[in-house]
Amino acid sequence: MGDSDAIGRDAAVTPRAHETSAARTRNGEGGGVSALSSARLMLARDLKLAFRKRSQLVQPLAFFAIVTTLFPLGVSPELSRLRSMAAGVVWAAALLSSLLALELLFRDDAQDGTLEQYALSGRSLTWLLAAKTAAHWLLTGLPLALMAPLAGMALGAPAAAVPGIIASVAVGTVALSLIGSIGAGLTLGIRRSGALLSLLTLPLEIPVLIFGARATELAIGGAAYGVPLQLLAALAVLGLTLAPLAASAAVRINLE
Amino acid sequence: MSAFLDMGGYAAYVWPSYAVTLAVIALNIVWARRLLKRSRKEALRRLTIGGTEA
Amino acid sequence: MAWTWFHRLASPPHIYRVAGRLTPWLAWPAAALIVAGLIGGLVLAPPDYQQGDGYRIIYVHAPSAWMSLLVYSTMAVAAAIGLIWRMKVAHAVAASCAPIGASFTFAALVTGSLWGAPMWGTYWQWDPRLTSELLLLFLYFGYMGLRSAFDDVQRADRMSAVLAVVGVVNVPIIHYSVIWWNSLHQAPSVMRLGEPTMPASMLVPLLMMLLGFTLFFGALLLVRVRGEVLSRERAASWIREALQP
């Protein structure tokens, strides 16, 4: 984490004096617009920073591939047997991979004090954290959704199942990233928080697992998967409205 | 009496269940009282050391 | 004027005193009800026509399961009050609930498993109730784990309060999603106790146990809250008076 990184970070989002929403409101401009635009800036910044460390980006995906491989090796190489568990395996692996990337969600910014700057900046912390969570999904969840059909087919799923697998994992990982952001916020100040983060986040993610695996299973079986997919989307929307609030509450408590 | 203990053949399930539950009840009583006792001791200790802590 | 009782409730010395005085009023009736319920359930109630004497596990299983949910709801409400109104006493209540709830969830799982073994032929089933009960246990452990990870009591209080509130949203979701999921696979055999309605001789001990356990929870809370409140006060002057034997 060199100095150039820190400079790159701060310049993007730390507002100059006349740009703070307080100053703007004094000048008669609305404060609401700045929440969305700062969120967009945060998203761009997180994505840019993540791409500077490409090796770290690949890790959750490599983990996903390895975990998926464990099952043919440990259980049975027979495709017919694997197909019956393919949905569950893909989802368990996706959950664990998403957890892996979660630790880094706020950690870097918390460590060098940038997170505190965001909380104090007068901009909406909720929106900023939502943007960070969106970045987490784009960097982890979406690639997982694109990799999942490969894993599925390696476990015996037919090619016709590909759109269904992508759709269910893509929507599900949105919910996973959101729920995970709550856990990341809660464990922010804790050293070696990996196990506790998993213990907190996984039970909360169980409904996503249930509906997601159901949708994926139906897709693999060639049946209509619309209903569980819609329930999955409902969970994602619920997460979208509640999770950034809970996460920002947790972060603020941490920074007190 | 032995018919009672036998629980119609289900003794191996009924009695451990009751044992576990009563153990949990007893554990909770002991636990709670120990917590209170420890807190009182700590609070008294803080008083005798005197004044406020940092 | 209406708020004075609320503010008094929030005052640690008041709580310490009142809780101490109230405890026997809950503890002894609880003990009496539980003993009466045990006698009623084990001795007086007739055997079930389907499950014989095996059904008597209900007299410890149902109250334990009831406790696991009651305690979690209390914990979540107390946590929310503590967060919103910044009441130390509310946080003390939430902290007190967790070990009680976790231990009774454990009891519910074990007794449920022992009940299921002869009736279902298996010690464990991934049916909706068992699965969501197991997840409730994980939620309790997560809550207690999060608390213990912080040295500062105030931060531990508020962080775990956020978790408790988030968790309570999750509990009905888990429960219904698991029902939904399970109904698509196959319907597990549901426990039936004799005919549709329980006769009074079976029902009364059950109600006594449920009420007895609830009062027991109240008594436990009173004792624990006193301890928690003490540990949250620094060298406050009221402590010296309160602790004179």
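For clarity, chains are labelled A, B and C in written order, and residue numbers in each chain start from 1.
In this text, a contact is a pair of C-beta atoms (placed from the backbone, for glycine too) under 8 Å apart; a residue touches a chain by one contact, two chains touch by 3 or more.
This is a predicted model, so every value here is computed, not measured.
Student: If each protein chain is taken as a node and each touching pair as an edge, is the resulting graph a line, ring, star, complete or other?
Tutor: line
Student: Any idea which chain sits dead centre by C-alpha averages?
Tutor: Per-chain C-alpha centroids compared to the overall one single out C.
Student: Pick the pair with more C-beta contacts: A-C or B-C?
Tutor: Top pair by contacting C-beta pairs is B-C.
Student: Between chain A and chain B, tell me the centre distance in angstrom, where each centre is the average of that chain's C-alpha atoms.
Tutor: Going by mean C-alpha positions, chain A sits 42 Å from chain B.
Student: Rounded to the nearest whole Å, what is the centre-to-centre distance of chain A and chain C, using the mean of the C-alpha atoms as each centre?
Tutor: From the centre of chain A to the centre of chain C is 33 Å.
Student: Which integer distance in Å separates the CA centroid of chain B from that of chain C?
Tutor: 14
Student: With touch defined as at the start, can you tell me which chain C residues reach chain A in the complex?
Tutor: That would be residues 83, 135, 138-139, 141-142, 145-146, 149-150, 155, 158-159, 162-163, 165-167, 169-170, 173-174, 177-178, 180-181, 184 of chain C.
Student: Give the list of chain A residues in touch with chain C in this complex.
Tutor: Residues of chain A touching chain C: 182, 186-187, 189-190, 193, 196, 199-200, 202-204, 206-207, 210-211, 214, 231, 235, 242, 246, 249-250, 253-254, 256.
Student: Okay, in this complex, where on chain C does chain B touch?
Tutor: 34, 38, 42-43, 47, 52-54, 56-57, 60-61, 63-64, 99-100, 103-104, 106-107, 110-111, 114-115, 117-118, 216, 220, 223-224, 226-228, 230-231, 233-235, 239-240, 243
Student: Can you list the residues on chain B that touch chain C in the complex?
Tutor: Those residues of chain B that touch chain C are 4, 7-10, 13-14, 16-18, 20-22, 24-25, 27-29, 31-33, 35-40, 42-44, 46-47, 50-53.
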